[in-house]
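These are the structures, in structure tokens.
In the two complexes that follow, chain A is the common piece, with chain B as its partner first and chain C second.
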Partner chain A sequence: MRKKVNLDSVYAPSEDVVAREVQGEFIIIPIASGIGDLEDEIFSLNETGRAIWDKLDGKASLRQIVKDLSSNFEGSSEDIEKDVTGLVEGLLKRRMVIEKRRV
Partner chain B sequence: MQSESYVLKQDINKASLWKVAKPLLGRLDIELTERCNNNCIHCCINLPADDIDAKQKELSTEEVKKILAEAISLDCMSVRFTGGEPLLREDFEELYIFARKSGLKVLVFTNATLITPHLAELFSHIPPLEKIEVTVYGMRESSYEAVTRASGSFEAFRQGVGLLLEEKVPFVVKGALLPQNKNEMDEFEKWASAIPWMDRPPLYSMFFDLRCRREDGIKNESIKGLRLKPEEGLKILTRRKNEYIKQMQEFCSKFIRPPKDKLFCCGSGLDGGCVDAYGYFQPCIMLRHPGCVYDLKNGSLKDALTNLFPKIREMKATNPEYLSRCAKCFLKGLCEQCPARSWSEHGTLDTPVEFLCQIAHIHARFLGLIKENELAWEVLDWKDRIKKFADKKPGG
Partner chain C sequence: MRREEFNPTFLIKKEDVFSFSDPAFIELFKAVLNKKAAFRFKAKGFSMSPFIKDGDAITVANFFDVGPKWAEIVAFIHPETEKLIVHRVVARRKEFYIIKGDNACKGDGFVPRENIIGRVTKVERKGKRVFFGFGPERFLIAMFSHKKVLLPLLFPIRILVRLITKKPAI
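Moving on, here comes the complex of A and B:
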């Protein structure tokens, strides 16, 4: 089931995962069981995913993150918003990020 | 920004995750202790559990963590905790959690006798991401404890394995084939096949290594007496004949050839190594030759990997006997002769190990690579023979 992502919410990496950059790959490794679809998987983020992940600091709302990324990357705000919400939805589904609060 | 798939699943056991190059340190073995709560008759590394001197010399918790932290900075993805019995360390849990929370996969080699409900629960909540490997010494108390020489160890092992099953912690089992338990193989394999994570029959050790510290001549003689005869070993390895031949065809076509005077033909020290219980880093878990170990208390993994290990890997054989036999022998690869085994058997890096030579020859005869009474290092048309064998149709 897809989790609803709210643009006014603040998200942060879950303590149940650890992110590492290894040989140019940005990977997310489960710490606790039940992360992802199976336990024997790690996940890697592409460049887009990495740029968004770095902003998920538990302080900025997704709306703020979209705004920041729009000033640094090419592309319409709509596309960037779609990217951000798409990624966060995927991460939430896998319990890799948590919703901290709503602004 | 591009709309595309952001999160890619990766198989954690995929050999080559890395697009650019392999990390300097891809995997690390740490022998947390040489002590063990069992006293197995065949073991090459088991000091008594209560050996105070050994315990005092072991790396401290902080020293192990420092090594793990450096390993992570070198892009290491996987650490193996082994021993002795790693669960004997009072700080095992702390080290395990530290490694996992730092983003390492952890492979644990254990006899399972010290697995408590608490530890099984920990492995369940914070999975190692590698199947735990449990060595089994017998299917009955009498056979098991004839090997381990530790009263109550069979019950403790069954209990430990039961806890892993209960908590659904993935593990596999492997056997040590000894006179005390070799008639229990079928029973063992039947039992092992019911373990949900066993995707193939268990592996066995049967040609046991000698004491890796070369400290106990009497024990070494006794270990030699426990090794299966090469013919017996062959019979066991070829029980699933077609599967075995298929594997050997693939293996031989890729990996066997004369090594010439190059001593290290395996992957030892290439992108990994082993830290012993006292902080010495070596390219291979078996290789304790003083010229091949690096003191981490006065240096770093990086220094060893960049400055010492490449030099070790370039070492050449000089022993005339080795040069006239092993260096010319095309069974290298099939034969487990290596500097580490030469060291444990003879105290040098380049002395032929006779029983390994016998095993390789008996295998090669079975596979049709050499004829009766032929010595592999005298074979000149070895390339043709390997090709003919690799191309042979099943049953042909």
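Moving on, here comes the complex of A and C:
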């Protein structure tokens, strides 16, 4: 089922992932199965993906995050909003982030 | 000032190219174990052959308050090289553990408890679980390894392993 992303929601990394920068790459390893498995799929975010991840702190809403990123990155607010919601949707689908609350 | 282009990407990686000597990789390893999850990765090298071979998938788990035991295979940070290594505990001297690769000439020296981060709970080779070297025979392996008489015995052990793991003729 497709998870709907809400701009007025606050998201945070799930307890079921471990995320670290390793050899210049930001790596996310799911551990929901009880195993952090490098032999299976692991995930990587580029620099701008990491910028979004870092802001998913369980405090700021997505709307606030989009606003913050719009002042630091090139591109229209609409495009940034689309990219942020797209990424968060992908992360939600894989249970890497959770919705904490709505503001 | 020109602002950076916004282009987030989310990639799915299928191969691990991590260096076992990278402190960030070791930190990632510890972080997974600290969350009470196991860590599965590909073995590199031949120092534990024939019990763990290059390319085998190793699963390492947290000790859960039961510390390293004699003869079990553990993942630890080498006190001198600071590299992540998977070898066998062959003896214990007070608060230090004497650890050695089954196929290595030289031991890893005295390793403090805090450097040992997890125990190997599973080894898989070509999708099949490897049991030899993890059952009661591990005590003999540890004893012979500590007495430095294991290496001459490895040739017949390899033949034995090959016979055990050989597919039966149909």
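Note that in this section the second predicted complex is superposed on the first by the 97 of 103 C-alpha atoms of A that agree within 3 Å, B and C clash if a C-alpha of one lies under 4 Å from a C-alpha of the other, contacts with A are read in each partner's own complex, and residues count from 1 in each chain.
Keep in mind that, in the parts below, contacts are C-beta pairs under 8 Å (C-beta built on N, C-alpha and C of every residue); 3 or more make two chains touch, one makes a residue touch a chain.
Predicted, not measured: the structure shown is a model, and the values here were computed from it.
In the superposed model, A:Val18 makes contact with both chain B and chain C. Contacts of A:Ser77 after superposition: neither chain B nor chain C is touched.
Shared-chain residue A:Ser44: touches chain B and chain C both. Residues 18, 20, 22-23, 27, 29, 31, 36-37, 39-46, 48-49, 51-52, 69, 73-75, 79-80, 83, 86-87, 90-91 of chain A are contacted both by chain B in one complex and by chain C in the other. On the side of chain B, the complex with chain A involves touching residues 1-13, 17-23, 72, 75, 77, 100-103, 105, 124-127, 129, 170.
The touching residues of chain A, counted against chain C in their complex, run 15, 18, 20-23, 27, 29, 31, 34-49, 51-52, 69, 72-75, 79-80, 83-84, 86-87, 90-91.
Listing the residues of chain C that touch chain A in their complex gives 2-14, 16-19, 22, 24-25, 27-28, 31-32, 35-42, 57, 59. Interface of chain A with chain B (complex): residues 18-20, 22-25, 27-33, 36-37, 39-46, 48-49, 51-52, 69, 73-75, 79-80, 82-83, 86-87, 90-91, 94.
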